[in-house]
Amino acid sequence: MVLCVKNLSVSIERSRIVHGIDCHLHEGELLMLLGPNGAGKSTLLRAISGDLAYGGSVSLSGRELGEWRPEHLARQRAVMPQRVEVNFPLTVEEVVQLGRSELRAGMNDPVVDRLMDDLDIAHLRHRLVPGLSGGEQQRLQLARVLAQIMDSPGERLLLLDECTSALDPAHQQMVLDLVRRLAKEEGVAVLAVMHDLNLAAQFADRLMLMKAGYRVHSGSAWDVLTPDLLETVYGFSARVVELEEGYPMVVPRRGAPVRAQLAPLNPSCRQAS
Amino acid sequence: MIRDAAGRIGYSPSLLVALSAAVLVALVSITSGAYPLALADILSVFTGQEATDPVASMVLLEVRMPRFLLGFLVGAVLAVSGALLQGLFRNPLADPGLIGVSAGASLAAIAVIVLGNTWLGGWLAMTGEWALPIAAFLGGSGTVLLAWRIANRSGQTAVATLLLAGIAINAVAGAATGLLTFYATDEELRSLTFWTMGSLGHAGWDDLLVGAPFMLLALLATPWLARPLDAFLLGESVVGHLGYRTDTIKKAAILVVGLGVGAAVAVSGLIGFVGLVVPHLVRQMVGASHRMVLPLSILVGGTLLVAADSLARVVVAPAELPIGLMMALIGGPFFLALLLRTKVI
Amino acid sequence: MRFRVFAAFLLVTVLFPVAQAGEPPRVVTADGAITEIVYRLGLESLLVGVDTTSGYPEQTESLPKVGYLRALPFEGVLALKPDLLITSEQAAPEDSLERLGRAGVQVEKLPLARSPEAVLERIVSVGRLLGEEDRAESLASELRSKIKHIQQASLARGNQPKVLFILAAGNHSVMLAGEGTAASALLDTVGAVNAVSGIQGYKPANREAILASRPDAIVIAESTPGQFDIRSWSEVERLEAWQSGHRLVADSMMLLGFGPRLPDAMAAVNDVLSAPSNVAANDP
């Protein structure tokens, strides 16, 4: 098992944001976290990333997070935060190269070249990051994150926080396709926070639905994306139809009352959507 | 701004330009000064032959050489400290002077000058001729730490808070310095005034001996910080994700800045704006990657200060302008322009 | 390197007397009072440079300035190729002076003068250094008799008047002279005492302290004429001593320089202590 989370809880400024979450990820598995704004998805991800103090246990390849040496951990686990702002004139290539450890870093690293091709940023190689569009920056950050674990031996974990939020549909497909390929072909375990229910249904092996810091439900897309659950968790009314490809698609009902209130408003884990 | 297609190869011209500027400025600073020396004499001194002017070797080897070296080191250290702080705080306006590091270092140094005979007698006895640089180092590091504590809330550095903290720290240090000068004797007072304006006028091998080890140590530590600081530009959490020990890096950078700026302040007084102007120029030349910014800041910082010092020696010759005054004249307007153009506060 | 420096030193010491014997020595003075002495002795033709404290007489303006006497630049001074640098014990930095010495410049640091006797000794020292001892001796005895005359007058007064001494130097900096200052020393020469007690050195003027000092006379030393603006110091104007005309506003270098103008300074202060009549000339 790559990732094992047991009874994880997180408090920020004395208010509890995440309550006793259990979850685990096997090699090559793609788990996507869903839930309304303020459900605690990002907070959960940040705790697993080591950014926040937590209660309970998080272990990677059977070793508790705190027992890893940072430099070793970085080769097995890569994190893509929701937002990375770059205000200094770094080039695209320089940022992607940051994902390579000192030993591997060098000119014309084939991994860097391949990732830039895969994520359609090769033509931006020498451009300065602050001048890029939001979508270009998001692809760039993903390239950096993937470069970090690309050729590491052993079990690998990829944590993604809304990695497609700024992308156009074509690039969304491109990026999630790449992530899924990594999972299936190279055995990387992926935990991704998503907002787009249909993309999640399309690419995930499993979904986990959260609300107000609790796990509401988890299972296959068909188990999780039901009109009832969507109504209770998100507060909107939708049909769920089956696509030819076999996965469900959520179609919100136009004009139906939305009780979007919903997640208890907690200022410290408000999420940009 | 789009870098040319040559990319990485584009670095080398900048490096070349900086290197030749450094060599040129070195030559100018060593060959020119208030005392006129014939080129033949200069050559004789450096080739080990007897010069026709009996004081040529003294002017060159005992005055201009140490002054050039000290100026270069001080400029290099101040510039690279600016670059380190800007990376650490992710803001191009961070500067040892602006956030109060120089003021903290100078307060400690002034305390040693004024109270050395009374309250701090024990300190003097303990540290000997290193009293000033060590005190300045402690003062400098302490201030960076303080600025950091004030501006850093839950892992994020609020830059507005940082600059405001700098104002407050400068004010407090200024007040404490003022208090010390109030109790200083007339003698001490006048030396203090000249010292706070910053000067390389007294530079000799003994100053170099005292200050250089600290400054060289600071410079030698910087290559190790280059990559982690690049990670800092993406945000503090990313540093950890990439496998660096965020706290260790921060502490190391703070230590290096305290060490360098402390020693620089101890040997040359207050010289401002080098740390602001130089990294900015360098980033315009080679982009923001610290692997280029740090070494080039060292080169360009040293060059700029030596150039400014050479100018300070000749504009009112045979007297000299304080170099700190010179840099403030150059740096003040530059800072204002930068402030007007920057969107990142 | 050390050998070469030594060789240079030897060369210089051999050459030096020749220069002295042949042509007149080139002299730099770094101290306002010492510069004044050189001019009073009529030896200004020897001067090739002065420091920034040397502003009197006006002819000093045309000489190269080597900077402030506490921050003498080695190269700046050496560039004037002086044979002799006469300065006071306040001169700094030590490195510069020591190197100048090794570069063959004869560096003479005269002790600080804070009494008439010391001023006269200084004059004789300067004269001796410039090879005009006789001229210096006669200037000294001329000044000595003037001083004696003034001191007799002050003794005849029979009391110890309290004087408020204000120094107006630089932009808006108005200071009160406390103990251990040249101002106190000047008052001492004419049998007066400082009205401000308990402060050391020059300290920023405090309006209440001015009122509390209740002086018998007021002396204001200005670094440039008109520096002290009585309109912003109504407390001073309100003092009885000011109202009654026991006041003197004069040049600070003349008053506090302890140079050859010391008798003038003493006379000016002494006059204001006794008769308010002849002060009007100095009013701002």
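A, B and C are the chain letters, set down in written order, and residue numbers restart from 1 in every chain.
The rule is simple: a contact is a pair of C-beta atoms (placed from the backbone, for glycine too) under 8 Å apart; a residue touches a chain by one contact, two chains touch by 3 or more.
Because the structure is predicted, anything quoted here is derived from the model rather than measured.
Which chains are in contact with both chain B and chain C?
A chain counts here if it touches both chain B and chain C, and no chain qualifies.
Which chain has the mean of its C-alpha atoms lying nearest to the mean of all protein C-alpha atoms shown?
Of all chains shown, the one whose C-alpha centroid lies nearest the global centroid is B.
Hey, which chain ends up farthest from chain A, C-alpha centres compared?
Between chain A and the rest, the longest centre separation is with C.
Taking the mean of the CA coordinates per chain, how far is chain B from chain C in Å?
About 38 Å, centre to centre.
How big is the gap, in whole Å, between where the Cα atoms of chain A centre and where those of chain B centre?
Once rounded, the distance between the two centres reads 43 Å.
Would you mind pulling out the distance in Å between where the CA atoms of chain A average out and where those of chain C do?
One centre to the other, that is 79 Å.
Of all residues in chain A, which touch chain B in the complex?
The touching residues are 46, 49-51, 70-75, 78-79, 81, 84-91, 93-95, 98-99, 101-102, 105, 107, 125-128, 131, 148.
Which residues of chain B touch chain A in their complex?
1-5, 7-8, 90-92, 155, 227, 230-231, 233-235, 237-238, 240-245, 283, 287-289, 344
Residue numbers of chain B touching chain C in their complex, please.
By the definition above, chain B touches chain C via 33-36, 45, 50, 54-59, 61-64, 182, 185-187, 190-191, 194, 199, 201-202, 204, 206, 313, 316-320.
Give the list of chain C residues in touch with chain B in this complex.
1, 4-5, 7-8, 11-12, 15, 49, 52, 64-68, 70-71, 73-80, 90, 92-93, 95-96, 99, 102-104, 181, 200-203
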